[in-house]
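Listed after this line are the structures, all set down as structure tokens.
Two complexes follow with chain A in common, the first pairing it with chain B and the second with chain C.
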Partner chain A sequence: MLNKTWDAHSCSPLHGFHENTASLDCYGRSLSAVLVASKSKNIGVEVVDSSVTSVTFKLVHGIYGIHNGLKFQVLTKSGKIIFESFLFSSEQSLSSDVIMASSKLTMLPLLVCRGDRSTTKVVFDWLKTEFDCSLRKITFNPLSLGWLVAMWGSVKGQGSTHITWEIPMVETGIDIIESEIDGESVALLWKHAHEDSTMEVTIDEVRGFVASIEEHLTQHTKILFNALTMQQIKTPVIQVRNDGKFKVTSGDHLFHVMADVATLALEHLDHYTPTM
Partner chain B sequence: MSDAKSAKLTLSSVLKRTNKAEMKMLLTSWGKLPLWKINFSQTKYELIQDICQICEEHDLSVKYANELDLLYVADFPHKKYWRAYKMTQPTGNVLTEEQCNANYIRNALEQKLYVSFSCSVSVMEKEHFLWGRVGIPDIKQVVYFIHFPTSKFLLFTKRNNKLKSLVQNALRRILGFKSIEDLPLSSPHPAALAQILLHSSDPHDSYEYDKGRYRPVQRLEEEHPLKKTDSRVNICDAGKLARNKRILDHQFGDKIQPCLTSLVLETETRFRGTKYLPTVPGNSIIKCKTTISGPNVLEGLRKLALLGYAKAPLPRFLTNISKTGRQCFKITDAARDDESRHSA
Partner chain C sequence: MDEDRSKVLKIQKIVKYLQGNECILKSQRIRSDLSQFVKTLRLLACEVGLSQEDIFTVADLASSGKFGEVICNSLIRSLIPRESVPQDAVLLLVSRIGQNHISIKLKQLILRWVVLVFDIIAQKNSIHAIYGIIFHYIDSEVLCPIVCQLLSLLTRKYDVLHFRIRKLLSLQSKIGGQPYLCGLLSVYRMYQPSLISMAGRHNVFFKNYDKSWSLSISGVQHRYGLHMLNETMSYNASHLPQTNKHTPLITPPTPTMCHDDQPLTQVMSGKIPFYRIKSFAELLNNFNNLELTCQAHSLLSSTTLQHLLAITHDRTIPARLSFWLHHRLCEELVTVAGETARGLELIKCVVEFSGFIQECLPVCEAFIFRYLYTWDGQSYRPYILKLITRLRLLPTSVLKDFVFAPLRKLFNLSSDVFFKCSVISILQELLSNYLNLESDRYDVIMSMQDDNAAMDKLASYMFQPINVGKINPNETIFQLIKFVDFISLEGLIETKCNVVLMHSVLQFYVKTSRIYSDHERELFTLPPSPIVSLALFSLSPMFVSTMFGILLNHTQALNKLGKSHHREHYHYMLELNSYLTDVHDTFWRWNAFHPHCHEDSSIYKHIHVDNIGHILTYPDVITARRMFTIERHPALTLHATKYLQLLNRDPEDMFKSELVTEPPFIEYLETKGLTKLTTLIKFLRRGIPESKTA
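Showing the complex of A and B:
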């Protein structure tokens, strides 16, 4: 997963998903057949060596004891990966009321994928049909981006954090304003924004943290950063854009980072009330 | 590598970088090929092959291929990134206006550089600039430069540091100066750099060689940017916006700002967001580096303030850039006293 750009989607609970080996093999064969059939219908754009040979499903073991993810890949005859995807859960999703109520539902709220557009469309349609789920592209709002900066911008000794704002109007002459903030400065500000005694992070703490950074920059430049749109953040661990693309750059915190992104994905689902 | 092969290589590399639409215009300016022989409706790959073939038939040497390369850079200067340098400490042998021509500079540069290594030098005059190209044959190392005749400024493209420093030193000696310093000023638009260096930053505005071509242009009277879209739009706080416009006109002047594509501001100052985080100690230093990017950041700053995305008056170090000729700033708080000190 490291150093690759992924598209993030929120995924509603999967109905009838089984994680035993026989079922995973069956899903692989089914998806493979659907992909071959779609190619013969000339759906989508031709790719070099487009003949799909196999689809593999694997469980990913993470930080929540049993497992917290699923990985599947679509490979061609030559072994080239033309589509790969991960489904992740989060702590909240594992204890969700929905899951407690029904044993037939599996909660993996975050789907990240990369691959060509035609294959992605076919895979998504298959997932929706097979597991009766809905997939929506995630757009990260400034509050979510600010939360990720707060969580991962202050990882000590790992470098600075970049925040990029874009101008809401077109043709002003300025496209973006990027600010690189020293890691220790980010850590200092977060330490004062958040009470260390509690694990819970509140919306007010994140808002105060982001607003203080914007106010500091406004005092120097007189540009009202709180009126601009936060487009992208780059911390030492993860880079995230507001259009749903992200990249994880540090392997040390991979599963914790994905759990945080999965929490954000959960907020996009209609039935979940955020407690962040 | 033979002369013909070098010529073909240079030619094809220039043509590959050129759009099909721009190719005809470029070759017309070059004037070395019979354009009636070329079929411009072919694909780009076939067109390049065709042109290289015709050049081989006409025995065009590598000298002309280098001239085409230089012409491409002169016609499309925004495809390179130009950095400004200032020559200082005149020796007393500064070139006169009559000496500042393409032939003289080319011959003098060839003499100076041939002592160190074999190279190809091309110089041409276009739009009151002297454009130059120095390349090492058989190695893909090329440096492009611009000199504003009778001034002490040079522009160089950013790559090839070792070759660039050799060319810089040779030019400095030819033009009659003892040293050369790097200015914190760069842009893909040499015209904008000429405007700042030759006119805006000089309080006497005494540079006459360009016949006023690169002087700042008067800004036309403009409507509010939002009003332009639809005349039925009612602008709120019209009085406040009119006041802002007066302040900004005073700060930026009535001339269109030169086209710079980035500004960098480094700050190492006490935390100024205590309104939101009052518990942060007053002596905490926050280190930031802010980069503003866009097609024309100076005009962009003015527009941001006009539209209400920035508070007027803007800081003077941002509004005076065309006069100071600096686009990198560092602001620090003094270690001992409480006043902030502005240093660049």
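Showing the complex of A and C:
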């Protein structure tokens, strides 16, 4: 999974998903049948010389014993992978626990995938009809990106963090600004912004953290950074763009990072009213 | 519908005429008449379409060679089916192609028509039977492209035979790798991949010749015929589905593909799949045997299935439905500016469903809050407003931030009076919803929530049980009324007391005045004094009458309340008292704009009474004090004059005598619909208004 660019989607709970191997085999067969059928539907199209043979579904065991992840791949005859995807769960869950825990709804909020567009479309359609879920591309807002920087920018001894800002107007002649912050400074800033005692991170703390970075840069460069939008962050562990693409570069903290991204996906999915 | 029926009859008449006049067609005069008829036929066909018999007759006439080229052309173009095309008509036309009496251009037109209506042909078995004959036409240069397109639609496995493939390949070597030939070859290849090596690569195999024709066909079909879920009528083999914009919004119910048990046992269990249920009667009959769909949102597609949504015990279904709704609402409405057809379809469905279950889903609520932030007041206006009326009882802070603030912005910034009126009327509807449905529901839910054992029952009471916080219903309703006070004042000032707006506002206050009498809820609010004075001094008798009605309703409510509770609502009593005193002074006792108005006056509080008193006084005619008595009120002078004219009295009498003392005048006012006015007169006559000073 490392060093490849993935597309992140948020996935609503899957209904009727069973984890035993028999069902997984069944899903694999069904999906491969669907893919073959859809390929043959598009007659007259430039015929691809290798056709789809197999789809494999595998369970990936995460650090949380109960919730597993799911991985599935689409392979061609020659063994080339033309589509692969992972489904991750997160440790939190949505407010209505009763329904989730009771029955057939499996909560795997984050779906990451890579592959060509036509296969992706067929796979998503199959998922939607089979499990009654909705998949939506995640756009990471600056606050989420700031939170990821705070969490993972300060991993010791692994390099610095880069943040890229996007300039909204085209006429100024520059379109992005990149900044590099040392890991130690990030840790320091975060210590000031966040009380170490609690595990919870509040929005205000993250806002304060991001504001402090922006203010520092503004002071030195006289460019108002709080008017710019964050486009991409590159921490030593993970690189994320605001349109949903990300890349994990270090294998050590893989599961923790993915759990964080999954929490972001959960927020993207959450649709209950703010106060109730 | 009557219009359509007359058009259909007209079409039948024209067809009969065309059938009859076979022989007389050569003369010039008849020819011009004929072309007129044919033009009309074509126009009508574009609007309502032809029935099956008509299609057969017209096809017969067009290909019989009896008419001229132009007319036959028009006739073929007017073959727009309403329901479906009988295969005999197609059979007839194809057989006529083989004969010599129609021109080659007409033959091509006929084949183009067959391709266009291919999907609507009722049964195709005879057409498949004549595959070989159609294949034969491939030799003609003019017809070749369209024949290839038709064959690519018709081909089945049995039709791919060696000699046909050889023929096609030889044709290809003769005229080169034409796109239509390659298209047909690729269809053949699909069935027999071993026999054909290369199909050729082209982006588009078959050109779409007749876009406007197919548009008119699909228009008529959409109105009358079978709905087809595919978007395009013409077959375009090579295009991948571009984006999800072409797929239908709410997919028809489909069963799962993977089953837990062996597939055979599923089939043999005798369950009836969802998509077979077409009517409510069938639903009731087969209730035990239903196999549930795996996609919750497909249950929204018809009202029959919505019944199932409402009563299902499966608790996952509301959750799945709300996830799907959240996803789709975000995609179609929140992120897209302006109106789109898909968004319209979605929001209509949501409004219909929430009307069906008589409540607002939590996900719809969240959507409304989000959407109102960026709403321009125009897109989907009736639907969004209707959804607002269905909101639950919410804490006042939520209501203020998420509903009132954006509505207020739009209300003030929109110059469209009808928008303002619609906002006021939906807020009135929201109020009545709160009073009728939601407060009861809230009470029931709170009582159920406290008792943990009843959690299951909660699920059967609300569509989607979520935890409801503690709120004070009266407080919410009170804040709603205050909000309407506020914006209606702003609106009236801005539009300079627009009549329509004033009417909506007054209707709202009629509703609030009846809260206690209709719903037994002790919530008393009076309209603010500017509105009261606007209504009482307005130039329209209806407004004066309505305002009196409002004040009378309030007094009745207070009377009903009983003396023991008066202390709790002291302010209300005082205010009502002052209004009534003012009314009494102004309309009855000739004390309007009296220099020493009663101390507790509400209406005259901020007015410089002396100045106005001077301005309004016309010496020798009228004084300000007497000006607003009932018969001399500017709104009512018209009625008074008419009354006097009816009795042939001098109109000047109006100023001299006391018309209100005359019963015929009161009856006259009643006949004009000003019933509240007459009630007020009786009320005032009985004596002073009951003084409620405690």
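We adopt the following convention: the second predicted complex is superposed on the first by the 251 of 276 C-alpha atoms of A that agree within 3 Å, B and C clash if a C-alpha of one lies under 4 Å from a C-alpha of the other, contacts with A are read in each partner's own complex, and residues count from 1 in each chain.
Rule of thumb we're sticking to: a contact is a pair of C-beta atoms (placed from the backbone, for glycine too) under 8 Å apart; a residue touches a chain by one contact, two chains touch by 3 or more.
Predicted model, so just to flag it, every value in this text is computed and none were measured.
Once chain A of one complex is fitted onto chain A of the other, the partner contacts of A:132 are limited to chain C, with no touch recorded for chain B. In the superposition on chain A, A:4 makes contact with neither chain B nor chain C.
Look at A:118: by the touch rule set out above, it reaches chain C but stays clear of chain B.
Of the two partner chains, chain B is the only one touched by A:222; chain C is not. Contact with chain B, but none with chain C, is seen for A:180 once the two complexes are overlaid on the shared chain.
Of all residues in chain A, those touching chain C in their complex are 12-13, 15-16, 18, 23, 26-27, 30, 34, 40, 42-47, 95-96, 99, 102-105, 118, 121, 128-136, 269, 271-276. Chain A makes touch with chain B in their complex at residues 167-169, 172-182, 184-185, 188-189, 192-193, 208-209, 211-224, 227-228. Residues of chain B touching chain A in their complex: 225, 265, 267, 269, 271-277, 279-280, 284-305, 307-315, 318, 331. Taken in their complex, chain C has these residues touching chain A: 182-183, 186-187, 189-190, 199, 201-202, 205, 237-238, 240-241, 244, 251, 254, 256-258, 260, 294-297, 315-316, 319-320, 322-324, 326-328, 330-331, 362-363, 365-367, 369, 395, 397-398, 466-469.
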